[in-house]
Structures are given as structure tokens and as C-alpha cells.
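Going by the order they are written in, the chains are A, B, C, D and E; count residues from 1 in each one.
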Amino acid sequence: MSLPILTLIVFVPLAGSLLITLVPREQDKTIKQIALVATLISAAFVAYLWTQFRFGEPGMQFTERASWIPSLGVQYLMGIDGISLSLLILTGLLTVLAALASWNITHRSKEYFALFLLLCTGMYGVFVALDYVLFYVFWELVLVPMFFLIGIWGGPRREYAAIKFFIYTLAGSVLMLVGILAIYFQSGLGTFDMTVLAQHKYPVAWQWWIFLLLYVGFAVKVPVFPFHTWLPDAHVEAPTAISVLLAGVLLKMGTYAFFRIALPTLPDAARAWAPIFAVLGLINIVYGALVAMAQQDLKKMVAYSSINHMGYVMLGLAAAMAAGPGHAAAAKLAITGAAYQMFAHGLSSGMLFLLVGVVYDRTHTRDMNKLSGLYLTFPVWATFLAFGAFASLGLPGLSGFIAEFFVLLGAFPIFKVFVILATSGLVFTAAFYLMMMRRVLMGQKRPEYDQMPDANPRELTTLVPLTIMIIIFGVAPSILVNMMNPALVQLVAKLGGM
Amino acid sequence: MNFPIVVNLYTLFFGLLALIALVAAYEVVTNRLITHAAFFLALVFVAIAGIFLLLGAEFLAVTQVLVYAGAVTVMIIFAIMMSQLNEIKIEECGRPPLTRRLWLKLVSSQWGLLPLLFAVVFALAMFGLYARAAWPMRALLVDSTGPATTNIELIGAELFTTYAIPFEVASVILLVALVGAIVLTGKEERS
Amino acid sequence: MMLPYAWLIAALPLLAALAIMFFGRRFKNGGDFIGIAAIAVSFVLSLLVFGQLAGGAESYRFTFTWLNLGGVPVQNGIAVDNLTAVMLVVVTLVSMLVQIYSRGYMHGDVRYPRYYATLSFFTFSMLALVLADNFLLLYIGWELVGLSSYLLIGHWFENPGPRYASMKAFITTRIGDVGLFIGIIVLFLTTGAFGFPEVAAGVAAGKISGTLLTVAAVLVFSGAVGKSAQFPLHVWLPDAMEGPTPVSALIHAATMVAAGVYLVARAYGVFAESTSALAVVAWIGTITAVMAALIATLATDLKKVLAYSTISQLGYMMVGLGVGGYTAGVFHLTTHAFFKALLFLGSGSVIHALHTQEMHEMGGLVKKMPVTAWTFIIGTAALAGIPPFAGFWSKDEILLSAYHYNPVIFGLTLFAAFLTAYYMTRAVVLTFFGKPRDHHKHEHAHESPANMTGPLVVLAVLAVVAGLPGSPLMGNWFGKFIHFGEHEAEAVPAVMVMAIASALLGILVGYLVYGTKLVDRRKAIAVTRPVYSFLKHKMYFDELYAYTVIGGTQALSAVAGWVDKNIVDGLVNAVGWLGAQLGNISGWFDLAAVDGLVNGVAAVVSGAGRRLRRWQTGYVQSYALTFFATVIIGVIIYELIGG
Amino acid sequence: MTAASVSQIPLAYVLIFGALLFGLGLYGALLRTNAVRILMSIELMLNAANINLVAFNQYLSPGYVNGQIFSIFVITVAAAEAAVGLAIILEIVRRRNIVDIDKINLLKW
Amino acid sequence: MDYLYILPELILVAVALVLLVASAVVDKGRQGFIPAVTAAGFLAAMVAVYPAIGQQSSIFGRMVAVDGFAQFFKVIFLAVGILVTLASAGYMAKQETSGGEYYVLLMFAVTGMIIMASSTDLLAIWLGLELVSMASYVLAGYRREDPKSNEAAIKYFLMGAIASAALLFGLSLLYGFTGTTNLLDLTNYEQKAMSGSAVLRVAMFFLVAGFGFKVALVPFHMWAPDAYEGAPTPVTAFFSIGPKAAGLAALIRIFPIGLAGLAGHWSILFAILAAVSMTVGNLTALGQKNIKRMMAYSSIAQIGYITIGLAVSSARSIEAIMYYVLAYVFINAGLFAMIILLDERGIGQKIEDYAGLSQRAPMAAAAMVVFFVALIGIPFTSGFFAKFFIFTSAVESGFMWLAILLAVNSAISVGYYYGVVRAMYLEAPKDPSPVKVPPSLGAVLLTGALATLAIGIFSEPFLRLIGLVSPVR
């Protein structure tokens, strides 16, 4: 590839960010245009990449290699396979929509968009990096802009939420670094290249402990049950565009890290950890749904629903990790479901957060008790919210269902009891979304919201593409599945000990 | 190296000097009047100079008397006179915590035992160490070149060859001390 | 050859739905004619398909690889066989008639276009469900049908009734769907495919057998229980009457609720292999039939009577399938679809005129609304099972099969038939005959316009004619057209006689109690006080769920009150209650325990910081003391330990 | 002179004397509150170190003089240190009129 | 020929003497040129280092080493000199006491630091230490009219004198046992005799205490917070980067190279001191109100991180220390430039006085964030890679518990750095008037920020350079 396309995708937003720092503070319009253009360019490159991607071929494509710190064996190494390409597409789409959604940010917009683009760079970087140090650098890079974006432009309790998010993730990632270093030294290969370190055979007992270190680092990001308390606070306080990215992309960094690092490098430990993953996945699903039901704040409810959805990914991973040679077919189904859920949840939660942002922008409240009869006051907005809610609760024919169906289908032979309990999650998810719709959409029209405008064209341009994508990937999932297949088959083979 | 009791002319003389030095040091540390303490300090320095002589470090003895006994003690006394430290009324500036006041009562009594206690404990600790340590003896450096040179010639030779740089640095230190003292205590009118 | 174009039948309503949703407002009366035109064409196509299949063409199947999961191909596609053809005709016909009828009934409604769009979308989902050749596409149609029923029940969501009813419907059916979901997974994992023929072949080949097969079958049946409102998941159907009456007619009488029966019929290959599964179907059917019939006898709301009657008739169909009468069950499904739709539309016409659903405000309408009255009476006759009408033939077949299967079931179903006749007569008498009880309403009651009475007449004709194909008059043609396996239950004249007798007896008793003054109702009620009140309160099901819900909630809410105030008002819904209680506990746990842990750590760290700061006392000599103390103690410890 | 005295007086005596002197100096520096007295005590400690150096030089490496040169440097540095110390002490006396070290604790926590 | 190698020291002393005379002769009004001359002097000395590059010998009676290690630290100390001169130009101009001597003392102090780093004889190192200390005592008390400055001076002096007495006593014991004070002789002193003797272990304790005082390792650190808070801010800046770096250089020369024989003993000692310093430094910094006192504890914690390298004392960890010192110097210089500015403008030393700084001086605030992020150890900054290398060297040599403690402490350190960032960005300023950054301070801020990012991202050239000059192979 003559053109170093991955480097361009990652560093175009950074260039945009630097460009914005030069623009004087008053020209609010130009700042926003630069930001939008930067995200569009990156998204265009991702689209171009999608066309050039060789579908059937396993292994990494478009790899770019350059020496960075040779004395430690650290290289500037980038490359993508099916899984990372799907997440790049998701990131490309959501960053453009987030840029559009933050059009009405006026308070210190210059810093906002500079940090926003820095965040985009960090996110793209995580999905393409193939060198542990490069991966860790991008993983940590995401922290700083996220902290400021929540801390300065957030809601009333923004400081508490920002610092909580920062400490949680920092502590987790530090333990992850210890894990990575242990792998680096244990292998003795003197390189940080993920693919090379994945081939090395590590002693099984030792693997377990390193998996624990890596697990904590990633679990905080997913988030998995005991480490999830930062998510609702961060979401409730973050501005709309940021919580779209937080739910749509940042959560996927945790699960992607399991796909890319934990599973291929430590297959034996993965097998030992499978039941734990399954239990935690189940807790995430059921507990997330139940707590969502008890929420008064609309955005907090959607945040807890994210925990519920990520539970399916964990369950899918657990099935793939536990599947011995006997259950190869089921493992393939489960892991495809998990990878698909990452993409599908990105779409549906992104859409829901955009919608919550719109209503907050109008009524300045997210308390479900104060909102009712919105079908009448905002008919167009209400239909989109209903659509988003049904997509999230896994209505067949939409993308959410495909993912959950295949995860449960794949996980059933391996974890029968957990799957049956998890299906109860389906009912609870339906329950809390419907309760939300009953309280928010139906009922009498409230006078105080009456003259407020319905969704304006700009907001619609953010919602329509997501709706179309949700339907397309609900009806014809083969596009995404074929893209991810070679990588997933390879991973299942590695886990199965073949 | 055990602790032999050797009695001869030298040890008697050494014992006398050591005793004088120790009593003077005790006075320096406990005497209520700071001026008397300063005089006793001078006495300590002279006694130590004597011991140096006894041990054969003549040049050192002379330096000790000149620098320490002469310059340093005089400087201290001068400082004491300058600031009439004796009659300084105690200016109340916050009461020290209970533990320190208890401690002070024990310590400041004229015939307080604590100073001796400190000295003896430390000495014993050191003695325990020395007794166990096997001090390696170095072969006698026989300077084959010249005639039996005296202590001063040896020091002179060494000082200006191997220890040239430290000598320069010492001079710079003295200069800095000089400048510092002037800067700190110089008259107001300069500013 | 029409069969390959069968998918058009489903596609047309979907296109209509989209067209109305986007361009509906531009047209004069909300683009309802688009919907009707589309469904009309679909109906014609269905007739053509039905004709070809009736003419002996063998069934058509088109499959494609929807998804290739790393070597695991997942097939998807549509199939049209005799059963599908019948269902296609039934669904398209009833949907067309309801859409025509709705022009009148829903005239001037505030969200008219949205109503038609959702109705067309429902028809599309139902047709997709019926056309599906595999469990996956069926499940997708299944849930979309649930969604459209949720939207339609909640059509008038301003007032609270429809709000609760729509959610209750969706969640209760969703519980059933979860069972179906697991059933599908089990079947896929054992037989390796979703397609009905493959699964049936797999089951036949013994890939799944014994208790696992029974469990899988019962799980699939649980989906049907949810959707067809069988006991114990029947609570949502009576509340679903909050929706507009045409909706009730189409969805909660003819099509959607029948989907459960269709599912059992379509997957009969699985059920047939496990006798215990069939027994479960049969017994659940019987219990539902009898229970619903009993409650219907005392319901005062006309639509509630019909709702319970539907639940009872669905129980009948399940009994039909359960006892091995595959043809009987399906045949009763088709005939029931027609006359129950007729009864609902009739009641709709009455409600439209009188603006009330309470029967004791009606009476003496036969003169005011002759067409509605007489078509309603024809429907009642068909439902009760009077010989020439459709209901008799299909119900007779079921009773016949039940007779061969198990005498107790036969007895109970016979008693249910009697009750059916009794409560239908009561409904007819209270509504159309006797003195008008509410003069004000009676005054300006008038016959419904043409577009409402038209469909009533058509359905009335069908109610009469639809029974013939299954009757010996046409050589039991329906049995040949739709059958499973070879056995043909030989007719036992005695069963037919008993069936007719029970129906007539029911009408007689109904007339006696309500038609004439002979039986003093107050005394009768006094005599049967316990039974009367038990039935009056709909067997206390709602109260049972409500009591455990409200009682439990108040107790818990005192504990977790501040967490979620508005759940305390008591959701009338088993799932809602269960979820709400667990939700509160986990909500509280989430805030206090997990968060507390993190803040605790922060407090300890800053506390340590404060104490360490105190150590810096400001006295330089205490610094020196620490300095030397460290050296001395370090030496001592090191020497002692170091050795 | 050197050979004779060295063989007569055992090294231990001199080291003990040095240690005692260091102990007294330590007491003065840590526990007395008059700044000048602390300074004097520090001088004592330095002298004790000097004694050690000279003793080690004469007893253990006869003929060498690096021990004595070391102590010469110690003496010069001690003098410089005394000068600076007294300057600082006088400054405090002039500004705040206190010499008691315990009164000087504005800077704490 | 040997004098060529000590040219930098000679230049410094010469320029200092010239300035001494100038400040006495030229009257107060026109002394503006002195800071410029000082900076020029430092620059000249830096150039003078060039001839010695690549040489490897020991001159002046094996007292002074001419090796990569010495040159590396000479360049760093001269850079420190320049940075401190630039930073204190504005501040000193405003003081009543005469400005001239300040720069003279500063130059002598830097000379002392160079001697400490480039001597291979304990006596020379001790003299270098005393020279730095003498100058520091006076600098601490430079603002005579401020009682806090006097108090800082007296406290620093008394503790310094006592510490050097202890150090001396230790040296005398060491000399007693080994008969020499020259590090080169000590290295080939056979290892078994050395580690066996109790005297040497006691001597080691006194040495560690003496140097521990200089680099402010806990529990010998207690003078630091008071001295930092009391001393004039530019002097505090110098304290935090100058003497500490020199102390570390001396420690590397003495322990890993000189007393390698005693490695088993002092490595455990340094490990404990490192652990205690990190934890106490971070915890106590959490509640601080005064930013200078907070920076004191922060630098104690940073030295704690570096001491891990000493405890590990493998070739890679020594390189990690040198890299960390390089990074640390620039980060602190930049940070203190800002603290000096705010102190000079009378905005105050309390953390809440920093409220809304991001609106009043956006670029400076951004630079401050870069420094704090570096101190915490977030990627793309020199601070991250510094900690990363220390971390890798610790994990490599099996000091896993130290590595994890380092990680935990980084998380705790977020607490107090965040306090300042929160004040700057999330609080509204009391008076929104913009704070203009003078060119000299701006220069220090810019070099600090650029250095922090450059050393971080392009760490390869620096690592290769350090690999060349590292004394331990």
C-alpha cells in the first residue's frame, strides 16, 4: 500500500486538533467546520479501506511498520483484520455524528473541539495498534481529553464523574501495563509485537495470573459488573456527543482488547476463565436490566442498558473461550454474535444517546417523571426513540436481535443454565424499555413543552443514517459477518487449542 | 582487637588530655552561660591539638590550634558579644507541645545526666563495633626516595599533587562562606 | 405459476405501510385507500395461490443462505404449502374487511394515517410469519406481530387504559416468546437446522428424542401459550380490548392469536413424536376453554365477553391439535376467524352507535340496527355450533377427535360448548332484545354506514358457507386438503347429536334466564352466591396478580421508596412486579455497596495524608532526631537481623 | 615520635575518646535549644570525626598522610560552616530577636 | 593538558569572580546585565564541555573522572543553571536585597554540583557537596526581610551541618577500614572482605543518611518542605532540580560503582527508602494547600521513584535513572517558572489562587497541564517513558512489589495534581484580568514543555546517548 492509510486515519483528527488551536476563539463556525471535516476525512478513509479490504483472507492487512524505540523492541506497528475494521467503521460513523451533534456547543468551543479530535485520534489508534506499547499509549491517550470533556462541559456533578472515570480507568490500565510487561519479559522475544507474542507458548499456571491483570484493565472499560459504577455517573454528566462516543466506541475498546490481546495470547488461561466470564456476563445482563428499571433519569437508564448489552458480549466470549474442539461450531456462532453485538450496540446506544440529547436540549430535564406525552409534543422524535428502544431490546429484524440470538445460540450447548437465565434478561430489557416508553412517550401532552420545536434537520441527519444502518444490519447481517469471519475462525481455532 | 589496659607514660599523658577534653566538652554542652561554654570550647580544641601531637600529626595540631582555637572560637565569642545573647528575653512564640516541655525539664538541669548517657551509649555502640572489627593494617609506606621526611613535608607534597583539586575547592568554599556572611548580615543601607 | 411470486403477498402490505407512513398526510383521508388497495391485491393473489394448490400443485419452497458463520451455513427462505395457503386467504380476507370497516369506525381519528400504516405493517408481519419456511423467520414475524399489536392496542395512548394494556400485552407475550426462543435454539443445536422440514426430518430420525424432545416441544408451545392467550398467560387479552374494535377483530380474534395455533400446526412434526407434549397441549387447551367460558358467562362488557370467548375457542383449537385432530384444529381456526371477526365487528358497530360497551346500557337494538343485529345473530349461531353454520362442523370435528382421545377432555369440551352457547345467547338477548335500558342512548342509536355493514354481511355469508368444505356435504374436502399423517377419525353419530344437544340446551337456558322473567335472576344469583361472585370477578386472576403485586410492592416500597417512587402505584403485571422489586434492590445495592467501596478507599488515602502531614512539626530538632533515630535504629535492626 | 606513641597507646583508646566526644556533640545538637550552642556541638562532632581520621591514619596506614589531609579539609570546611551559621543566626536574632530554636516554627504542616 | 578537561569549572569560577567584583562596584541601578552574563557564563561552560566528549581518563591524582557520565551530568547542571537564571531574572529584580550576589552564589553552587558528579574520590565529592550546601544555605536565607526565608535558612543549615557531620563520621569509618577514600581503589577492593565487615555496614548507613538528606529521601526529608516553602521561589526551583540531581549523580558513582561489594546490603536499604519516600511523599502531598510545599512532597515522591532504579542497580536501571533525571529536570523547571510568575505577580502561593488560570493565561495553563500529565505518567510525555523504563527495569530484576507500588503511587499522585488542574480549569477566576508571561519565563516554560514532549516521543536518541555514557556496563 503506497499510501500509509492507517496512519492517516489515526492522525488526521490530530492534525485537525492542532489546526483548531491556531484558529482564534471567536470564529466558532470555522472551528466546528474544521472538526467536522477532519472526522469526515477519517471516515472517508475508513470507507475506502472497507472497499479495499480483502474479505476472505485471514491475518492482518494494510500493516504499517516503523521502528520507534528499537532498544526495547518497541515498533510503530499498525494493521487491521475483520474485527478491527468493523469497529473502525463504527468509530468513523459515530465520530462524524458526534461532531454534528455537538454543533450547539458554544461555551469555550475551541478547547472542546480540539479535545474532541484528540479523543478521535486516541480511539482510532486503539483499534489499529498492533504493538503493545503503541496500544497502551493510545489507550491512555483517550483518558485525558475524556476527563476534560466530561469535567468542563458536563452536567452538575461533572467533576466527581470525571475524576471517578479517570481514576477507575487509570488504575485498571496500570495493572494492564504490568500484565503486558510480564508477557514481554516472560516471552523473552524482546519485542512488543502482539502477533509475535501471541504465537509464543506461555506456562499455563503463570498465564492465569497475567490474565487476571489484563482482565482488570479491560473489565473496567467494558464495564463488567464490579467495576461498572463509573459508567452511569460518566454518562449522566457527559455532554450528548461525548456520551455517544463513550457508549458507542469507548466501551468497545475493552471488549476489543479481549479479542485482540487476552484471548489469542493466553488461550489456556482463557479456558480456565471461561466460567467466570459467563457468570459475569450473566450478572451484567440481568443486573444491568433490573437496575435500569429502577432508574428515574432517562440517560442513566440507557447507560445501565449498555451494561446489559455488553453482558451479551462477555457471554459470547465465555462460550468461545470454553469451547473445546467438540463445540467448534457453537463457539463460532457465539464469538460472531459477540463481535456483532459490539457493532450493533454501538449503533443502537449511539442513537439512543443522541435522542436523549435532543430532549435534554429542549426540556432541560431527563427525569422521566417530568416527561410524558412526548408522542404528541415531538411526534418525529418520539418515533425515532421508539425505533431506537425496540432496536435496543432486540426486536427481530433489527441488528440487536441478530447479535443476541447468535450469542445465546452459540453459548447454549456450553453454558445451558446461564443462557436460560440470560434469556430472562430479554424479558427484563423489554420491560424497562416499555416502562420508559409508557412514562415518557405516552400519556397526556404537557403544556410546558407544547411550543417546543420537534427534531430539526441537523438532528435528523444524525438519526437517519443510524436507523438505516440498524435495519440493514438487521436484515442482511452477512455483510459484517463475512468481513469478520476469517479473523474469528482463526481466534476460535487458537482457543480450541488446534 | 581487644581492650588492653596498658599503662605507660604515653597512655597516662593521653588519658589526662582526653579527660580535660571530655570535661570541657561536657561544660560546652551544659553550661548555662553561653560565653563560658565558648571558652570551654576553646579548651576542648587545645586538648585535641595536644592529642594530635601525641599521635604524631604535628602539622594538624598546629592547624587545629590556629584555625579552630584561634579563628572559630573567637568568631563565636564575637557573635555572642555582638548579639548580647545572654539577656535576650524569651519572646513568647507559641508553646511547644507537652512532650517537649517534659523533655526540657529533664535535660536542662545543671547536673543533668542525659548528656553523659548519650555519650556513653554512643561510645558503647561504637566500641561494640570496633571490638568485633578486624582492622586491616596496611604495609608501612617506606618512601624510598628521600631521607626520613617529616610529617609536614609529606603533607605538603601530597596536598599540592594528588589533592590539588580539593584544595582549590576548599578555597572556593571559604570564599562562598565569606560572600554569604556578608550578604546575610550586611548593613541595610546598601539596598 | 403464481407460487414463486407468493412473497409479493407479504411485500405489498409492507410497501403500503411505508407509503402511508411517509406520504399519508398528503392524501385526502390519510391514504387509507393505499392500504385497502394493497391488501385487496394480496387477497386476490392468495386466492390464486389457494386455487393452484387446491388444484393439486405441490408446495413451493425457496431458500437462500442468509448467513455463513465460518462454515456454519444458516438458511432462510419462504415456503407455500396447503396450510400456508389457507392461512394466507384467511389473513388477507379478514384484514381487507377490517380495513374497509375501519374507514367508517375510525373516521375522524386524530392519528388516522398512523392507524392504517400500523394495520398494514401488522398484516405484513402476519403474512411473513405464515410464509416463513424456518423457525428463524417465523420468530422474526412473531415478534413483529407482537410489536404491531403493542402499537395498535396503545393507539389511543392519551388515556391510561391503553397505556397499561399495550405494555402488559407485549411483556406477557414476550415471556412466551422467550420459551419459544430457547425451544428454537434447542431444536437447532440438535437437528442442525432452522427449516421446518429439516427439523421434522431430524426429529423423525431420532436426532432429538425422549424428555429433551418433550421439553423442546413444550418450550415451543409456551410461545403459543403467550401469543394465543392460553392459561396462565391469558391475562393480557381482555385488557387488549382497550384498543379500537376493528383491531380487536383482526388481531385479537382472527389472526394474531391464531398464530400460536398455526405455530403448533406448522411444527406438528415435532409435537407428533412426543405424546406427552401433545397431552400438555390438549390439557392446557381444555382448561383454558372451560375457564374462559365460565368467566364469559358473567362479563358485562360486550367486548370482554367476546374476548373471553376467543380465549375459550383458542383453547378449543389447542384441544383439537392436542388430541391428534390436526385437520379439526386448523379447520376450526379458519371458521372461527370468520365468525369471531363478524361478532367483533358487529359489537364494534353497536359500540360505534351507542358509544358504550356495557351491555346493561343496551337492549332492544334489533329494531334500530337490523343488519348488525341479524349478522350478529348469525355469528352467534355459528359460534354456538348450530348445524348448518360453520362453527358446528369444525367444533364437531374437534369433539369427535376428543371423544376418541380421552373421555374427560371430551366431557369438559362438551360442557364448554354448552357454556359458549349460553353466554352468546345472553349477550345477544341483553344487547338486541328486551326493553332498551338506556333511553337517551337508545334514541339516537342508528344503523352503521354502508362501509361498516358491508363487511358484516360478507362475514355473515362466510360464517354460513365456510363450514361446508369440512363437512361431509363436500366430501370432507378440507380434511384431504390439510392433513397430517393418514388416520381419519371415523364419524360417530352420537358425538354429533350430543354436540347439537349441548348447543341447543345452552341457547334455551340462556334465553330462559335472560329472555324471560321465569327465572328470577336475583334469587338465582343468591343461590349460586359463591360461584357467582367467583366468576363475576373473572376467577380473581387479575386480583390474584394484583394482590400479590400491590401487597408486595407496598411492603418493599416502604424499604426502597426513595429509589423509585412511581413504581409504587402497583403495576398490574406479574413480570413488571417481579422486575420492579428486583430492580429496586439492585439499584440500592449498586449505589451503596459498590460505590461505597471506591469512596471508602479514597477516604482512607486522604486520611493517611492528613496524619502524615501532622508529623511535620516545624521543630528542626525533631527533624534531626528523626534523622539520627533512623540511622541508629536502622543499624541495630540491620545488624540484629542481618547477622 | 610517631612510631613510639603509636605502639604505646592502643587504637581503641583513641576511638573510644572520639566516640564519647561525638556522643556529647550529638546531645548538644539534638537537645539544646540555643542556636549557638548547637553550632558548638556540631563543631565537637566534626572534631570527633577528625580524631577518628587521624587515628586511623597513624595506626592503620603509617607513612600515608591522606587521613590527615582529609582532616585538614574538614577543619577548613568547619570554619566556613561556622561563619555561615553564625551569620544566619545573627540575622534571625536581629530580625526576630529570638535565639531559642524551638521558637522558630512558622513553617510547619 | 588535564586542565582542558576541567575547563567548564574554571570558566564558571572565573565568571563568578568577575560578577562578584561587578556587583560590588556597579551601583544597584544598572545591575540588569548580571543575569545575562550569568547565563552567558553557563553557556560558555557548556561549550567548554565539548573537548572532553569521548575521552575516558582519570586526572588530577585519580580525583577527577573524565567520562561520559560526568559530561552528561555537567551538561544537565549547566542547563539547570541557565533555566534557573532565566526564571529568577524577573523575580530577583524586584527584591530589595542586592541582586548581584545571588547569581554568584548560583554559579558556585553549580560548580559544586559539577564537582560532585565528576569526582571519583569521596573527599572531593564531600567537598563538592559542602560547596553546594554552603551556597544553598545562603540562597535559602537570601530574602533577609522575610522571616520565613530566615527560618528556612536556619533549618536547612542546622540539618545540613548535622547531616554532613554524620556523613563525615561515616567517611572516617570507611577510610578507617579500607585505608583509602578513592572510589577507583574501592571498586577493586575484594568483595568478600567488604560485605563481611560490620564497620562498613555502619559506615554505609551513615553515608546513605548523609546523601539521603541531600536528595530528601524520607525519613531524612523533613527539612525539604519547610526549606521549599520558606526560600524565595527561584531558590526553591533550584533546590528541586539542582542539588537533587547532583546528589543522585554522586549516589550512582558511590554505591553502584564504588561500593559494588556492599550491593547486597544497600540495595535493600534503598528499596525500603524508595518505597517509603514514594508513599509518604504522595500521601502527604494530597492535603497540601501551599503549592511550593506540595511541589516539595511531589519531588520527594519523584526521587522515591528514581531510587527504585538505585535499589535495582542493574545496567538498565542506571540508564533509567539518568533518563528520569533528564526528564525530571525539565518538567520541574517548567512548572516552577509558572509558580515563580504567580508569586512574582503577587497572585499567591495557595492552590486556590490558581483559580481560572486557564482563562487568564491559556498557553501557560496548557503547559502546566503538560507538566502535571508528565508527572502523573500519562503517555506521550517524558514522565511516562521515564516511569516506564524504571518500571521495566524493576520488573526485569524481580522487584515486582516495587513496580506495583510505583503504579499505585502514580494513581494516588493524580489526587493532588488534579487539585491544581481543577483549580486552573474548572474554577472561575477571582479577577479575570489576563496574566502576561514575560519573555524569560516564557522561554523556560516553552523549553520545559517542548523538552517534556520531545524526550517523551523521540526517546530513542536520548536512550542511545545515555547507553553510551552509562558508567555501568
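Just so we're on the same page, a residue touches a chain if its C-beta (ideal position, glycine included) is under 8 Å from a C-beta of that chain, and two chains touch if they have at least 3 such contacts.
This structure is a prediction, so every number in the text was calculated from the model and none was measured.
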Chain pair, A-C or C-E, that carries the greater number of C-beta contacts
A-C
From chain C, which chain is the farthest off, judged by mean CA positions?
B
Which chain wins if you rank chains by how close their C-alpha centre is to the centre of all protein C-alpha atoms?
A
What whole-Å value do you get for the distance between chain A and chain E if each is reduced to the mean of its CA atoms?
44
Find the geometric centre of each of chain A and chain D from their Cα atoms only, then give the gap between the two centres in Å, rounded to an integer.
68
Centre distance in Å when chain B and chain E are each reduced to the mean of their C-alpha atoms:
31
Chain A and chain B have mean C-alpha positions lying a whole-number Å distance apart equal to 72
Among the residues of chain C, pick out those that touch two or more other chains and give their numbers.
613, 616-621, 624, 628, 635
Of all residues in chain A, the ones touching two or more other chains:
none
Give the residues of chain B touching no fewer than two other chains, as numbers and ranges.
96, 100, 125, 130, 135-136, 138, 162-163, 166, 170, 173, 176-177, 180, 184
Complex contact set, residues of chain C against chain E
605-606, 608-610, 612-613, 615-616, 618, 620-624, 626-628, 630-631, 634-635, 638-639, 642
What residues on chain C touch chain A, complex-wise?
66-72, 136, 139-140, 142-144, 147, 150, 154, 157-158, 160, 162-164, 166-167, 170-171, 174-175, 177-178, 181-182, 185-186, 188-189, 560, 563-567, 575-576, 579-580, 582-584, 586-587, 590, 594-595, 598
Under the definition above, what is the set of chain E residues touching chain C in their complex?
154-155, 158-159, 162-163, 166, 198, 201-202, 205-206, 209, 213, 219-220, 222-223, 225-226, 265, 269, 280, 283-288, 412, 415
Chain A contact footprint on chain E (complex, rising order):
373, 378-380, 384, 388, 391-392, 395-396, 403-404, 407-408, 410-411, 414, 418, 422, 425-426, 459-460, 463-464, 467
Which residues of chain A touch chain E in the complex?
67-72, 133, 136-138, 140-141, 143-144, 148, 151-152, 159, 163, 166-167, 170-171, 174-175, 177-178, 181-182, 184-185
